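First chain written, first letter: the chains are A, B, C, D and E, and each begins at residue 1.
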Amino acid sequence: MTPPLNPLLWVIPILPLAGAAINGFFGRKATKKAISAVALVFCGAAFFVAVLIAANFSSASAPYSFPLAHWLRSGVFTVDFEFYLDQLSLVMLLVITGVGFLIHIYSVGYMWDDDGFYRFMSYLNLFMFFMLTLVLAKNYLVMFIGWEGVGLASYLLIGFWFTKDSAAAAGKKAFIVNRIGDFGFLIALFLIIKHFGSLDFTHVFTALRTLPKETTGAGLLTAIALLLMVGAAGKSAQIPLYVWLPDAMEGPTPVSALIHAATMVTAGVYMVARSSVIFEHAPMAMMVVAIIGTLTALFAATIGIAQTDIKKVLAYSTVSQLGYMFMACGVGAFSAGIFHLMTHAFFKGLLFLAAGSVIHGVGGEQDMRKMGGLRLYMPWTFATMGIATLAIAGIPPFAGFWSKDEILWRAFGASWVYWLVGVITAFITSFYMFRLLYMTFGGDDYRGAVAQEAHGHGGHGHDDHGHGEPHESPWVMLGPLVILAFLSVVGGFVGYGNRFEHFLAPVFRGATGIAQETSPESATSTLEYLLMGISISVAGLGWFLAYLLYSRLPQLPPRIAAGLGGLYRAVANKYYIDELYAVLFVKPLVEGSTTILWHGVDQGMIDAAVNDSADAARHVSDNMRHMQSGNLRSYAGWVAAGGAVVIAYMVWMGVR
Amino acid sequence: MTIVAYARLLPSLLAQVQTSMPPPGTDYMRILPELVLSIFGMLVMIVDPLLDEEDSHKSFGTIALIGALAALAATFWMARYPGIAFWNMVRVDGFSVFFHLLVIAIAAVVILSSFEYLRVQRIRAAEYYGLILFGTVGMCLMSSAIELVLIFIALEISSISTYVLAGFRQREASSSEASLKYFLLGSFATAFFLYGVALMFGATGSTNIDVISQVLRSGNVPVLAYVATALMFVGLGFKVASVPFHVWTPDVYEGAPAPVVGLMSTGPKAAAFAVLLRVMFEANAPGRFWLIWVSAALTMTLGNVCALVQNNVKRLLAYSSIAHAGYLLVAFAAQPELGTSAAMFYTAAYAAMNVGAFAVVGHFANAGEKYVTLEDYLGLGRTSPALAATFTFFLMSLIGIPITGGFFAKLYVLSAALKSNLGGLAIILVMNSAVGAYYYLRIIVIMYMQEPRGVPVTPVPAATGLAIAVCVLLTLYLGVLPGRVLDYARHSARQFVNETAPAAASVSLSADP
Amino acid sequence: MLHLILFLFFGAICVAGAVNLLVQSHPINSALSLIVVMGSLAAEYLLLGAEFLAAVQVIVYAGAIMVLFVITIMLLNAGKEERSKGSRVATLLGVPGVLIGGVLVAWTLLHRSDMQSVPIGALWGDPKGIARLLFHDFLLPFEVTSVLILIAIMGAVVLASRPEAAARGARKDEG
Amino acid sequence: MVPLSYYLVLSGILFACGVLGFLIKRNIITIFMSIELMLNGVNLSFVAFAARWHALSGQVFVFFVMVVAAAEAAVGLAIIIAVYRTRETLNVDQVNLLKL
Amino acid sequence: MSAMIVASPNMDVLGPIILSLVTFIPAVGGLLILLIPRRDRDIKLFALVISVLAFVASLHLPVHLHRDLNSFKFEIDKVWITTPNIHYHVGIDGISVWLVVLTTFLTPLCVLISWNSIHARVKEFFILLLLLETALIGVFTSLDLFLFYFFYEATLIPMALLVGMYGHGRKVYAAVKFFLFTMIGSMFMLAAIVWLYAKTGSFDFVVIQNAIRTGSVPGFEQASLWLFLGFFIAFAVKVPIFPLHTWLPDAHVEAPTAGSVLLAGVLLKMGTYGLLRFNVGLFPEQAHRNAPWIIVLALIGIIYGALVSLVQPNMKKLIAYSSVSHLGFVVLGIFSFTAAGLNGAVFVMLAHGVATGGLFMLAGILYERRHTYEITEFGGLATPMPKYAAFFLVTVLASLGLPLLNGFIGEFLVLSGAFQARPVYGILAATGVIWSACYLLWMYQRVFFGQVKYEVNNTLPDLSLREKAALWPIAVAALVMGVAPLVWLSAIDPAVQAALSPFTQLASKAVGQ
C-alpha cells in the first residue's frame, strides 16, 4: 500500500527549480521582497511536501519509486528519470529541505544588501533542486546529475563574489577537484554498466545480493567500491581531495552553512551508504573507507587547531566530522554515519550561521584574533553557538554526543585503532571548538578595532554602514539560529535506543552484516558505558584545556606556538598540502603542456614538418627549373640525351 | 642491268596503270573541312591587299571565324562519309571526326579571343588569321591521316604555322626568340620523327599505318621497328611536351602571344596526341609500355614541381600544361580502348579550360603583354570580379575540382589506369594533382585574398567575353554532363582500336547525340 | 666491286663534308661543305638508281635551298662564330648521347636488320614511275604541300617584314 | 654488290653529324644547316629502303622531304633575320632572354 | 515530443522531393543574391530568410523519418551521368538526418552573427555562406560515392574563400593550409573511390556495399587495406585526428566567426561522418583490424588536444584545440564498435556542433567589440556584460559535459562504449572529463571574473537583441538535447544498430581467436 501523497515526490525537486528559474530570469528587475518571497515559497513548499510525505512513511513502508520520463537509451541499455523514496532518502530529504529552508530564511537577512541578491537566491534554489535530485535518484546516472549539479551550484556560490579573484579561483578549484572525484565515479558507473547492464539501484543491488563477498584480494566489486569512494572523497572532501573545502569558505557564509556543512559535502556519505550493498561485498574497500575516514578526521582536526579564521576552523572541523562519517561507513555502521550526518547538519549548520552572524555583526571581520568579548554584544548568537559547540564537542545530552558516541562504539567493534584515533580526534575537536568560542566571545574586551570597513568581502553588502560597535543580528537571521539550536539539543534523542538505526534498517538490511556481531544488544553494555565515559571525559578535557589556554592565560599559546616552531608553522599552513599539489600537479601540467606539447610537438614537430616539406618542395623546384637554362643547345642536349636513352631502351627491348 | 630493273618494275607499273583513275567525289567529302579551311584561308589572303591594314582586324577576324564555323559544319557533313579516301591516305572515323571538331573549335575560339588582342598588340591580322586557318588544316589532317608521310607533312604544316605565330609580337625580342627556339628545336625533333618514319618504312616496307600494324601484329617484330618507334616517340614526345623533350615549352609559351599559346598548347597538342594514339595503338607500336609509363611519371612530376616557384603566369601555365601532358600520357599506358577514350576526353576538357585561361591572361596582359607576373594579379577579385571569377573557374578545372571538365578528365584517366592495374601510376598521378593544386591555388589566393596593386583592368570586350564564355560553358558542360562526349569517345575508341583492316566501320554523329 | 668503291668514295666525301661542316667556324664554309655533302649524296642516289632524285637533289637542294642559306649569311654578314661557353648540358649530356644513339642505331642496322646486297641501280626510279605515284597514290600529300608552301611564304613575309609596317597602321588608328 | 646496310649506316652517320652540329655549333645559321644535314641523312635511308622493298614510294617520299625542307628553310631564315633584327647577334648562346 | 517525431509517414506529401529541396534551397538563394543590388541590408535579410526557410524545410525530415532499421529514407535515385554511371542518389538515415538539421540550424545563426562583423564584399560573403550550406547538406545526404566526393570537395572552396577573404591575421596562410591539407587527403579518397568504381562499375554506395559484403569484388582482399587507408586519410585530415590537426587552430583563429562556427560545427563532422559511413560501412574487416591504432590516435587527440588548449593564450585557439579533444571522443566511439559508443559518437557530433558553434559565436561577439581574442586582454567581463557572461557560462557547461546539458549524453555514452570495448580506453578517455573542466573554467575565470583590468572593457555593451536571437537557440538546444536526448537517439539507434551488424560476427571471430 503506497501512501496517497507519494506521487507528489517528483514535485519536491521541481519546486526549487521553478523558483530558481523565476528568480534567474526575472529577478534582475524584481524587488528584493518579491525575490525573497519566491525563493522562500518554493523552498518552503518543498519542505512542506517532504513533511507531508514523511508524515505517513514509517519504517515499515516499502521503498517507493516514481518513474517520471525516459531519459536515454542505446541498444538495450536505458536510463530513466526515476525517483526513489526509502527511509534513507527520506532522512536526507527532511534534512535538506528543512535545514535548507532555514538557511534560505537566514540568507534573506544576510544577503539583503548585496547587489546580486536575486542571483544568490536563484543559485540557492538551484542547489536545492540538484541536491534533492541527488538524494531522490533511483539510479546512479540521475544521482550523477545531482552530483555534478550540486558541484555546479557550489561553483557558482563559492564564486558568488566573482570580482574577488580568490573567490573565483576557489570556485574553480572546487569544481575541478570534484571533477577528479567524478572521474572515479564515472569509471565505477562504467564498471557497473559493463557487469550489470544497468544503473538502476534495485536492479544492481538485487543482482549483487546473489554474489559472494570478495573476501580475498581485490575483485570487481572492490574496484567499483573504491572508485565510488574516490567520487565520494571528492565530493565530501576526504583525503586526498579535501583541499577545495577550506578555500570554499570564500563563499558567503550561508553557502558555507548549507552546502559546505549541512548538505552537499555529505553527499559522499549518502552515496556510500546508498551503495552499502556494494561495499558490503568488498571488505577491502570497506577498510580503505574506514582508514581514509579516520585519517581525515584526525588530520583535519589537527589543522583546525591553528587556524585563526573563524570560518576556516569550521571548515576543517567539517572535514574532520565527515571523516567520522566515513569511518562509520567503513566499519559498516552506515546508519550511525547517517545519524551523525543528520546531527552534524544541525550543529554545523548552526555553527556556520552563528559565525556568519558574528561576521555580520563585526562588519565582515573573520579573524578571531580581532574579536573577543562578543557575548556582551550579541548574546543570542553566543548562546546558540555555545549550544552548537557543546553539541559538536560531544557533551551529553547534545545531539553530537549521541551520534559520535554511536560511531566510536561501532568503530571499537571493528578495531580499537579506529576508536582510539576517533577519541583523540574528539579531544582535539572539543579543544579547538572551545578555543574558537573563547577567542570569539570570551574575554571582556572587543579586540577588533573600530575601523574594519576596508577589511571584508569585496562587494559584501555589510560594509556600507560602518560599525562603531559590534551588534546583534536581525531576527530573520536569529530565528534559524534558535531553531537549529533547539534541534542540536534534542536532535540526538531520535537515536536513543537505536530507534534511528531501526528506522533505517530496511535500507541496510543487506548491509548490517558486520554491525550485527557488535551491536549493543549482543555486546556487554558495561564496556559501552566505559567507552562512553572515556569519550565524554576527553571532550571535557579538551574544553578545560581550551579554557585554560584561551581564557585563563592567553599569553601562553603564542609561546607554545613558538616552542613548537616548525611543527606549528606546518600546521598553521595546513601542512603545505596546497603548495605540494601545486608543485606536483598544476605546475608540471601547465609548463609541460606549454613547452613540450604546444611549442614542442605541435609547432616544433608537426607544423615544422609540414612547412619544411613545403619549403623543400619549393627548393627542389627552384633547382629543377635550372634545367631551363634558356640556352637552345642545352635544350637540344636534353632532347638528344633523352632520345639516346629511349633508343637504348628500345634496342634492348627489341634484342631481348 | 637496267633491263633487270625495268623487268622488276613492270608489274607495279601495270598495277598503277589499271588503278589510275581520278579519286571518287566522296573522297573530297572526306577532306571537306580541310578544303573549307584552306579556301577561307586563301580568301583572307586575297582580301588582305584590298583592305587597309589599320582598321580591318575585325573584318579579317570575321572571315576567319566564319571559315572556322563553316569548317565545323563541314565536319558534320564529313562524318556522313566514313571510310578511307585518296588511296589509303586518310580515314574518316569517329576518332578523326572527334579531333576535327575539337581542333576546329579550338581554332574558332582562339580566333574569337584574338579580335581585341591583335588591335591592342598591333599585330598584322590577315597573316595571323590565315596562318591559324592553314595551321588548322594541318592539325585536321594529322588526326585523319593514316599515312605516315602525310602525317609528317600535316605535322609540318601545323608546326610551321605555329612557329610563325609564336613570333608575331615582332617588337618584342622575347617573341622572336621564342619563335626561333620553337622553330629550331621543332625541326630538330621533326627530323627525328622523320628518321623514325624512314626506319619504320625500312622495317615494314610501308608507311601506311594499317599495313604497318598488320606487319607488326603478324609476329616477329624486327628490331628496326623498335628503333623506329623510339625515334618517332622522340619526335612526337617533343610535340606533346613530354619530359625530357618538353624543354621548349616554357620559353615558347612565355614569349609567344597569349592567344597563340592558347592555340598551340591545345590544338597542335591534341593533333599530336591523335597521331601518338594512331602510332601507339592503331599501329601497335612495339615495346611502348614502360617507355610511356616512365615518361608519364617524369612528365607530370617535373611539370608540377617546376611550376611551384614560377612567377610569370604564362610560364606557370606552360609548366602546368607539361604536367597535364603527363596525366594524359598515363592514359597511353592503359589498355588501348580505355586509354584512347580517356585521352580523347582529356584533350577536349584540357582544350576548353586552357584556351579559356589563356584568353583571360591575354586580355589582362594588356598592350605589349605588360602584366603577366603574379604580382599584377594581386586583388583582381576586387578590381574585376568577373574576370577573376572566370579565371578561378578555369584554374579549378585545372586543379580538377568537381563540376569542371578537368575533374572528369582526370577521373577517367585515373579509372582507366586503375582498370588496367596501373596502381603505381595512379598513385603518382594522385600525388601530383595534390602538388599541382598548390600553385593554381596560389593564383586564386593572390586574386582574392590580397589587396589590389593598381593594375589597370580594361573592360572585357564583346569578342573576348564571348570566347571566354564559350570556354566556361564547355568546361562546365564537360564537368556536369560529360556522359555524351565520353560515350562518343568510347564508341569511336572501340572501333578505332578494332579497325586494323582498311574497311572502316560506319560512324555517324547520331552516335554522338 | 666497282659499286663498293664508288660507294666508299662518295661516302667518304660525304662524311668529310659533314665533319667539315662541324669544324668550320665560319658559316659560309659550313654552307659550302654542306653543298659538298649534298652533291656526293646525289651521287649515292645515282648508285642506287634514283637518277631523277639525284637530279632534283642537285637542283633543288644544292641549288635553291643552299643558295638561300648563302644569301642569308651574306645578308646578315655573319662573321666567324665565337666559341662561347654556352651550355655544359649540350657537351656533357648531348654529345655522349648522340654517340651512344648513333652507335646503337648503326649496330642495329648492321646486325639486326637482314639487308640484302644490291647492285648498282638497284631500283630504277625513272620520272614516269615517280610521276605515277606522285599524282595518283600520293595525290593528297602532293596537294597538301601547296598549303605548306603557302604558309611558308606567308610566314617568311610576316617575319622578314619590318614591324614598323604594322606599327604605323596602329599608330594611325590610335591618333 | 654493296649491302644496303652500308648506305643506311652512312645515312645514320650523316644524321648523327647533324645532331652533333646542332649541339656544338654556335651560329644559328650553321645550326639550321645541321638540321638540313639530318634531313639529308634521312633521305638517303629512304632511298636505300626503297631499294630494299622495290617500292618507288620510298623515292617519292624524298620529294616531300625536300619540299618540307625548302619550306622550313624559307621560314627558318626569315625567323633568323627577325631575331637578328631584335638581338643583333647570331650566337645562339646569347639568345637566352627566356629562361628558368 | 518523440510522439511528434514518429508521426506516421503517410501524411508525408513532400517525401519524394523534400531532400533535394532542403539541399538546394540555400544554393538557389545564394544565386538569387547575385541579382540583388548591392544594398547590404537587403542581402542580409534575404540570406536570413533563405537559411531559416531551409531550416524549416529540414525539420520535415526528422518528423517524417521512419524509425525502423537501416535502409535509407527519402531516397532519390536519378541517373546523372551515364558513363560512368553516376547517379544523383541521395537519402538519409537516422544518423545523417540530424547532421542535416544541425547544418540548417547553425546557418541562420551564422547569418545573424555576421550581421555587423562583415563590412566589405557583403554580397560575396553571404553567397559563399549559402553555397557552403548546400554543399554541407549534400555531403550528408549523398549516397553516391561520386556525388559525395563532389559535395565534399565543393565545401572546400567556399570555406577557403571565407577564411581567406574575410579572415584576419595570417588568413592566407590559414586558408591555403586548410585547402591543401583537405585537398591532399581527399585525393587519396578519390583514388579509392575510383578503384571501387573500376572494379564494381558503380559509384552507388548501396550497390558497392552489397558487392563487398557478397564478396563479388575482384581483388578486394588485397586492396581493402589501401582503400580503407585512402578513405581514412581523407577523413582523418578533416576530423582532424592527431597528428593531422595543425590546420585546424590556424584556420579557426583566422576565420570569420561564421566560418569558425560552420567549420567546427559541421565541417569537422564531415570527417567523422565519413569514417562512420564509409570506413566502417564499407570496410568493416579493415576497420576492425585497424581499430587499435586508430583508437590510440583518438586517445592521444583527446588528452593532447585538451592539454594544449589548456595553455592557449588565444580564446579561439583554445576552443579549436578543445574541438580536437572532443572529436577524439567521436572517433573513439566509432571505433569502439559498441552500440553505446556509436550512439554516443553521433550524439557528440551534434552536441559539439551546437556547443562549440556557440562558443565560437560568443568569441566572435567579443571580437566585434574588442578586436582581439587574447584572453589576457579581458578579465572581469561579468560586471559590464552579465547576460553575455550567462550565455557563455551555459555554453561552457554544455561543452564540458554537465549532465542535463547536451555535452554529457554523448560523452557518457562514448565513454561507456569505449569502456566496454576495453576498460583502459574508457579510463584514459574519461580523464578528458577533468581536462575539459580545467581549460574551460580557467578560461572562463580569466575572462569574466576578477576586477575589470582594462578601462575599455568597462564600456563594452552587453548583448544586443540580434545577438541574443542568435544565442538563445544555442542555449535552448543545449538544454533540450541534454534533457530529452531520446528525441535524437531514437532515430540514431536503429541506424547505429544497422551499422554494427557486421561487427557482431567479427567480434565473435576475434573472441574466438
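Following the convention adopted for this analysis, a contact is a pair of C-beta atoms (placed from the backbone, for glycine too) under 8 Å apart; a residue touches a chain by one contact, two chains touch by 3 or more.
On a predicted model such as this, the values are computed, not experimentally measured, just so you know.
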| item | value |
| --- | --- |
| Shared interface partners, meaning chains that touch subunit A and subunit B | C, D, E |
| Core chain by centroid distance, with centroids computed from Cα atoms only | E |
| Contact pairs, highest-scoring chain pair | C-D |
| Most remote chain, CA-based centroid, reference being subunit C | A |
| Subunit A and subunit C: spacing of chain centres that average the CA atoms, whole Å | 102 |
| Subunit D-subunit E separation of Cα centroids, rounded to whole Å | 66 |
| Inter-chain centre distance, subunit C versus subunit E - centres from mean C-alpha coordinates, in Å | 70 |
| Rounded Å distance between subunit C and subunit D, as computed from the means of their C-alpha atoms | 5 |
| Residues of subunit B touching at least two other chains | 8-9, 12, 149, 153, 156, 160, 163-164, 167, 170, 176, 179-181, 184, 188, 202, 222-224, 227, 250-251 |
| Where subunit A touches two or more other chains at once, by residue number | 625, 628-634, 636-638, 640-643, 647, 651, 654-655 |
| Residues of subunit D engaged with two or more neighbouring chains | 8, 15, 18-19, 22-24, 26, 31-32, 48, 52, 54, 56-58, 64, 68, 71-72, 75, 79-80, 82, 85, 92-93, 95-99 |
| Pairs of chains in contact (touch as defined earlier), listed by label | A-B, A-C, A-D, A-E, B-C, B-D, B-E, C-D |
| Of all residues in subunit A, those that touch subunit E in their complex | 70-77, 141, 144-145, 148-149, 152, 155, 159, 162-165, 167-169, 171-172, 175-176, 179-180, 182-183, 186-187, 189-191, 193-194, 589-590, 592-594, 597-598, 601-602, 605-607, 610 |
| Contact set on subunit C toward subunit A in their complex | 86-98, 100-101, 104-105, 107-108, 112 |
| Subunit C to subunit B touching residues, read off their complex | 49, 104-105, 108-109, 112-113, 119-124, 128-129, 132-133, 136-141, 144-145, 147-148, 150-152, 154-155, 157-159, 163, 165-167, 169-170, 172-173 |
| Contact set on subunit C toward subunit D in their complex | 3-4, 7, 11, 14-15, 18-19, 21-22, 27, 30-31, 34, 37-38, 41, 44-45, 47-50, 52-53, 56-57, 60-61, 64-65, 68-69, 72-73, 75-76, 78, 81-87, 90-91, 94-95, 98-99, 101-102, 105-106, 109-110, 113, 115-119, 122-123, 125, 129-130, 133-134, 137-138, 141, 145, 148-149, 151-153, 155-160, 162 |
| Touching residues on subunit B, where the partner in the complex is subunit E | 381-382, 396, 399, 401-403, 411-412, 414-415, 418-419, 426-427, 430-431, 433-434, 437-438, 441-442, 445, 448-450, 481-483, 486-487, 490 |
